[in-house]
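Going by the order they are written in, the chains are A, B and C; count residues from 1 in each one.
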Amino acid sequence: MAEEKKRLAIICIHGSLDVAFAAFVLATAGAAMEMETAVYFAFYGLEVLKKGKIDKLKVSPLANPAMPVKIPNIVAMLPGMTAAATSMMKSWMKKAKVASLGELMEMAKELGVRLIACQMSMDVMGIKKEELIEGVEIGGAATFLEFASHNAITLTF
Amino acid sequence: MAEEKKRLAIICIHGSLDVAFAAFVLATAGAAMEMETAVYFAFYGLEVLKKGKIDKLKVSPLANPAMPVKIPNIVAMLPGMTAAATSMMKSWMKKAKVASLGELMEMAKELGVRLIACQMSMDVMGIKKEELIEGVEIGGAATFLEFASHNAITLTF
Amino acid sequence: MAEEKKRLAIICIHGSLDVAFAAFVLATAGAAMEMETAVYFAFYGLEVLKKGKIDKLKVSPLANPAMPVKIPNIVAMLPGMTAAATSMMKSWMKKAKVASLGELMEMAKELGVRLIACQMSMDVMGIKKEELIEGVEIGGAATFLEFASHNAITLTF
């Protein structure tokens, strides 16, 4: 039996800029290394797949004691602080000349990364197929597990 | 050598409703696909295994900029808002006719999913075996890694 | 073909005490079971590798409805509460006689666990090699995926 192609199976259940960024950096790296790659978006992760949302995801400065710029929670919870943390993170990314999240997603699609939206999460959160970007598959936990059960690296974000 | 049965090895270190739900949806799906499945609960995840707690787990509206209903952190931190976010999430689940967390856990047990409580986390958090539901095994990191080292999909929540 | 040695490939993208603790408990357990083990630190996880930081990581009491000691968010966001939750967690660890995070990291190094800092995250967050502890490798997503693609258990924290 010839060895199966290596796969990379990623679950993304969070919809914040930092977590989605990690998922797409690994997905594009895997695809560039010729792994068959799929990212399964469930729960809050579905935000990533909504039309027009990819470059509007945010970073929360709250409840993250490891944020590089320390902001006390009593300040971090004030209106405007999530926006402030988000633009700070984006300016760092720009300065470091890394791709934006939207660019990473385009790259992922061009490299053939499968983007799968979790049907049950869509039902629970009342999200319709029309709200999601083009090229997204819809599937269930079994879709993901079937993909992940053949020679795959699995990551959860 | 006959191929080993596929396994699904899940670690759950968070004890919120949404994360536990994701863990049990995948665990029951895996078991239904005839994978040998085990979920290892550590740290806050132990809440899930406490007697009478499964249907009382909560969702936090704080520090999650991808919540489908946007609540500013300055409101989300007010007393009662965690309860509000939790009942909102539960009503969505009911409307979408998905199983409750308690039902998913029963299903998992019937399908033979192993539920393992992390001994060290119990020691750190002062949780006694008597506080946990029936049918839970107690084990350590080595128990989990030994299980996960044979033909397993591994997921962390 | 002789079977490859089992590997344990961990990604740590958070920099809080509890998450880093889980990562190091599993890394040292894996290495003790003779798995080739590597932990890849990205984003906030880089805090763990900064000189003098390992024993200063914190636990946030906010937005975690499964904290064993329930603290309303309106209290948890007050100045001093992150420090309070952190010392509470540390005193529990001491009482349970588990190793401190610094001790676990030393043990990991002695057992040959590879500690890898994500280059792109360093660039984004403006962290220089000199700020990191001795013995850390610097690598990219491809370094991690190449390691993880040979007979590895993969975990994400």
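Note that in this section a contact is a pair of C-beta atoms (placed from the backbone, for glycine too) under 8 Å apart; a residue touches a chain by one contact, two chains touch by 3 or more.
No experiment lies behind these values; they were computed from the predicted model shown.
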- Same vs different contact residues, chain A with chain B, by half of numbers used: different
- Note on the structure: To bring the C-alpha trace of chain B onto its twin chain C, one rotates it, in degrees rounded to the nearest 5, by 120
- Task: Could you tell me the distance, in whole angstrom, between the mean C-alpha positions of chain A and chain B?
- Result: 21
- Query: In chain C, what residues contact two or more other chains?
  - Reply: 62-64, 76-77, 154, 156
- Message: Quick check: in the complex, which residue numbers of chain B touch chain C?
- Response: 9, 11, 13-16, 42-45, 47, 57-60, 62-64, 76-79, 81-82, 86, 120, 123-127, 140-142, 144-146, 148-149, 152, 154, 156
- Note on the structure: Note: in the complex, chain B contacts chain A through residues 6, 8, 18-19, 22, 25-26, 29-30, 32-33, 35, 62-68, 72-74, 76-77, 89, 92-93, 95-98, 153-157
